[in-house]
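In the part that follows, the structures are each spelled out as structure tokens.
Below are two complexes that have chain A in common, paired first with chain B and then with chain C.
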Partner chain A sequence: MLGRFRYGYVAPAALLVAGLLYAPFVWTAYLSLTRYDGLAPAEWVGPANFVKLLDDPVLLTSVRNTLIWVIGTMVLPVGLGLLVAVLSYDIKGGGWYRLPFMLPYALSGAGLALVWSPILSHDGVANNLLGVDTAFLQEAPHNTIAMLLVWTWQQLGVNTLLFVVGLQSIPKEPIEAARLDGASGWQLFRHIIWPLMRPLTAVVVGLALVASLKTFDIVWVLTQGGPGRNSETLAVTMYKETFVASDYGYGSAVAVVLTVVTGLASYLYLRRQVR
Partner chain B sequence: MIKEAGNMVRSRVATIGVAAVLLAACGGNGAEAPKQKTELTLYNDKGAWSEYFEQMGALSKQSVGLSMKPTGYTDSAQYQAFIKASFRTNVKPDLFTWQTGGMLAEIVKQKQVADTTAIWQEAVANGDLPQDLAPYFTVDGKQYCVPLNVAYWGMFYNKKIFDEHGLRPPETWDDLVKIADTLKQKDVKAFYHTSVLFSFVWFEQLMAGMDPDLYDRLSTGQAKYTDPGVVAVMRKWKELIDAGYFINPGDKTDPGDVLKNGKAAMVSFGTWFNTSMTQREMKAGEDYGFFVIPNVDASLPKTSMIFESGPLCSLAEAPDPAASAKYLKWWTTAEAQEKWATARGDVSANPKVEIADEALGQVTKDAGSGEYRLVNRYFEATPPPILTAALDGFSKFVTDTSTLQEVLETIQKEADEYWSTHQ
Partner chain C sequence: MIRRAVLIVLGLIWLGPTYLLLVNASRPADSYDPSRAWAPPGDFSLVTNFLRALDSADLGASLGSTALYSVVSPALGVLVGALAGYTIVVLRLRHGFWWFLLIFGGTVFPAQMLLVPLFVGYSDAGLYDSRLGMILIYTAINVPLAAFVLRNFYTGVAFSIFEAARMDGASTFRIFWRIYLPLSTSALAAVFILEFTFIWNDLIFGLTLTQTAEVRPVMTALAGLMTDVYAGTPVPVGLAAGLVVSLPTVVLFLATQRLFARGLSLGSV
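This part shows the complex of A and B:
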């Protein structure tokens, strides 16, 4: 009886998904093949924007910086998060040790950058405290690394928390059995704990991978991708080309590249992990 | 059976309800007649000026029965994207601020801006607007928008630092360099500059003071950034930076605070920077002063002065075009401009307005009497895609002056691309 109307039930959700998720993506993909300044009608130019991308030194800088963000995120917020989780997991009052790492997570990306701006700027708190004259936010790639450290300060806590949840969900029996067999320390972690945590690690690394590939807010507030575009990430280049230079076609081409890279990286990683 | 029928009715009602909501959301009100408005919304990218816009709204309500509510943005890229998007949607501003030069021409070309030729003719006839200003607001022989503000660029200086070291405002470029040298010996940074947004300030100033004709040709694509004259300007700029006269361009201290705290003795900006002084309760003549920057090339017939004028516009398809036009007309009057200039401590586009600040008042009079060669600000004079590349380039240069040639070549590459389709 209700069969005739079954699409009616699905329609609101389907329309919302199509209108708010698929349509903008298709529109962006279309714009990437045009010359468009946001005012005059878009002019079809075929793959010209993608050809220009290949010859653009700024894109090379953006890709380099984005790679630093991806690798740095894996080593620092994720790697250190795991370390803090493992070291504080099985000790009395471990929660109190982890608490300070959690507090910065309350800040938004833009808020985080605003807090650190006067610390890292020239004549800022960091230079005064250390008694040095370092251009933390000016020279590449130091500025990207400095921002990565700020990002670590914020993200470490939540990764630690996720890893602690992972550690708590591991069944006790295999660990006890391994201990009885004489395993301890690194051996126990490498061969028992780490493999058992694999599903959760896949989620943490997958989320960190996507977040690092689309890094925008912290860079935009702290350096606006500069000076001279030397700290831009792919997401910042996309924003700048689109909204600052009003080159919507070229900005859309960067968006398409970023989407493909993020989708591909996530797919390849998750396919390997969730086999 | 009854239950099934009930379910069916509910499902139909739900489906129809959702469809109705979606239709209502998509349908818009394009066919409606313009509403007669008594309160106008003024969108602007000058978020820091909200209180002054609000004061204007209160005054306009008394004077012409139209109140005005400002919506201020602080990020100009976001602001411009919003205004451009509004051209295609039903969320249209009654009034909005914009930029003269290429950006105004762009939106006029798309037939988005209301023609204000009649307002200009009347205002020029009764002395509320000088004819000299009209070219900045003219596209293809017609005027669009009215002046939101005008500004003359010069040097604001910390008077206490100058007094302490026995310094006086310079008469010549050599005097200015001597001042910078004296301050350097006293361990005081002479000049402010920045790698963010206003990275063009010293480029335009040196261009205007060394070869203003070349500057004009550069703005219209008749000269190249790699031409010897432009390279010479960049070398002069490099010489000043390398001499250690400037604060670090990465310093994020607000320039108003830089001047107030004496981090730098001099800050070059438009007369609108006076508002920053007013907001910091600094007194003209006591805490700070203003002088016109002398030409580097003393043989030029007139001292070049950077000039800017920001437009206040309305859309051709504004919600209530008559109300918007009425407001723009009122904005040019002496009554409105007196309030607008006094509140911000700035100069006015209306020559009838007496400027309270002595130094700024004198500059306005001198500029009006043709004593200076007015040079259009780089921000307005340069087409947007070249401007974007140039701001990034100058930002790189002030951080590392050895990139001089590379920066000029990068800007020229963008200029070549732009002028190949826009001559």
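This part shows the complex of A and C:
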């Protein structure tokens, strides 16, 4: 009696997701076990692509860079974001103090590159300002770290915002009580505020973890993974193997690795949080 | 006092690149000099610079396409997702939780896992380099989050509202359209804003699935302009393009920070 069209109502969502997300997913998983150039039919090769991955120096570099991205993201955009949030959430005019950090967030990866490439270039602002002559985007792992700083410039704001929303919604009573008992500064933060904001921290760290594992845009627009493929991340390696080298099977294998790593990290992380 | 001092120092560092962007995007295209990048611009040439970028990189067509994608796809995605959430929660779809898992499960795949089949499949189906193809994939990507947020939202709505409307003889779709959808405006808006920003800033689907300037989203076109920044496009022109193209998301984000943050933290659980 409750609507004969119930399946009709859920169908558009199910079909879009199944057709454009699940089906490609399964197809990529299959392609990772084939040799395929996009033209000739895919040829089954079993796990050969994954065996090749194991001693591919490019993959090793890209795993290392991806790790730098993950760890760096936790320390810089997330850690510094927390600092700015804690410093500003309960002072008067906090929103104005946070505005400088909010502005860059709405820039896209491409916009980010337009802003920073003249700063980081050989005769650019950074070199002039520091009075040095560094090739920021040339040598590894400096280029990844330089891009990580650019990333921090952009991402700090959103993390701060999430932390502030959380900090302002935690109950006031325990904090007041602790203040009356003489707690302040670091002690107050460490023993009262930090435990109260833990669920929120879990969300912010989880988001940053997954996003950093999939780092693509900023690397693509600033260095395209170069020079000599030394700043590639897993996501960039996948793109290059597939659409630059036309090795669809191998590219798909990289995509599978990226998916497994992302899935595993999310799972381990969520499990720890839920417990 | 120390708190404010730390915030001000950090804030000034953060404003540095923003300042450079504004100043140098407004500088006459041919007067950019890296060693004098901090100096105020002589004449205000932001508009001239942007028009030059529009012209040389055919950004106008891309801007139009991106505007289309980032409005139509989130709108469709939010509707489709809300309808699914409504069906699962309010109409008590049989095995509703499994339907929900199926739909929400779509969020776990990284874009990289979709690119090859989308590229090959779109080429075969004639969807490669078409606006329809772009709208389809952008919509599909929005659906899981929309379904998730709206399912949660509708769980909190009293079931008696539905029963009363049924008593009055309203059809299930009418109840969705006239009652549940308007009730959930804030949740819909949170998801819409998040997805609008995501699509406006998307690079990778545009890179993989489009080719011509008319179809190509603006960020992909802008990334293409990047290579030209080294190869002759003056820095102020590139900066002006980046600045103007980012304005919609900057304004939207600053105007709706709270809603935006809510959408983000809703979508991540």
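In this section, the second predicted complex is superposed on the first by the 266 of 275 C-alpha atoms of A that agree within 3 Å, B and C clash if a C-alpha of one lies under 4 Å from a C-alpha of the other, contacts with A are read in each partner's own complex, and residues count from 1 in each chain.
By definition in this document, a residue touches a chain if its C-beta (ideal position, glycine included) is under 8 Å from a C-beta of that chain, and two chains touch if they have at least 3 such contacts.
Because the structure is predicted, anything quoted here is derived from the model rather than measured.
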Partner chain in contact with A:T28 - chain B first, chain C second, else both or neither: second
First (chain B), second (chain C), both or neither touched by A:P171: neither
Partner chain in contact with A:F243 - chain B first, chain C second, else both or neither: both
Partner chain(s) touched by A:S121 [first = chain B, second = chain C, both, neither]: both
Contacts of A:A113 with chain B and chain C, given as first, second, both or neither: second
Greater residue coverage of chain A in the superposed arrangement, chain B or chain C: C
Which of chain B and chain C A:P12 touches, first, second, both or neither: both
Touching partner for A:G182 - first (chain B), second (chain C), both, neither: neither
First (chain B), second (chain C), both or neither touched by A:G131: neither
Touching partner for A:A40 - first (chain B), second (chain C), both, neither: first
Touching both chain B and chain C, residues of chain A: 2, 5, 9, 12, 38, 117-118, 121, 123-124, 239, 243
Chain C residues within the chain A interface of the complex: 3-4, 6-8, 10-12, 14-15, 17-18, 20-21, 24, 34-35, 37-38, 80-81, 83-84, 86-88, 91-93, 99, 102-103, 105-106, 108-121, 136-137, 139-141, 143-144, 147, 171-173, 176, 197, 200-201, 203-204, 207-208, 219-220, 222-223, 225-226, 229-230, 235, 238-239, 241-243, 245-246, 249-250, 252-254, 257-258, 260-262, 264-265, 268-269
Residue ranges of chain B touching chain A (in the complex, touch as defined): 4, 7-8, 11-12, 14-15, 18-19, 22, 77-78, 80-81, 84-85, 87, 106-107, 109-110, 112, 195-196, 248-253, 263, 384-385, 388-389, 392-393, 395-400, 403, 407
Residues of chain A touching chain B in the complex: 1-2, 5, 8-9, 11-12, 15, 37-40, 117-118, 121-124, 135, 137-139, 224, 226-230, 239-240, 243-247
Of all residues in chain A, those that touch chain C in their complex: 2-3, 5-7, 9-10, 12-14, 16-25, 27-28, 31, 38, 80, 84, 87-88, 91, 97, 99-111, 113-119, 121, 123-125, 128, 153, 156, 158, 161-162, 165-166, 200, 203, 206-207, 214, 216-217, 220-221, 235, 238-239, 242-243, 248, 251-252, 254-256, 258-259, 262-263, 266
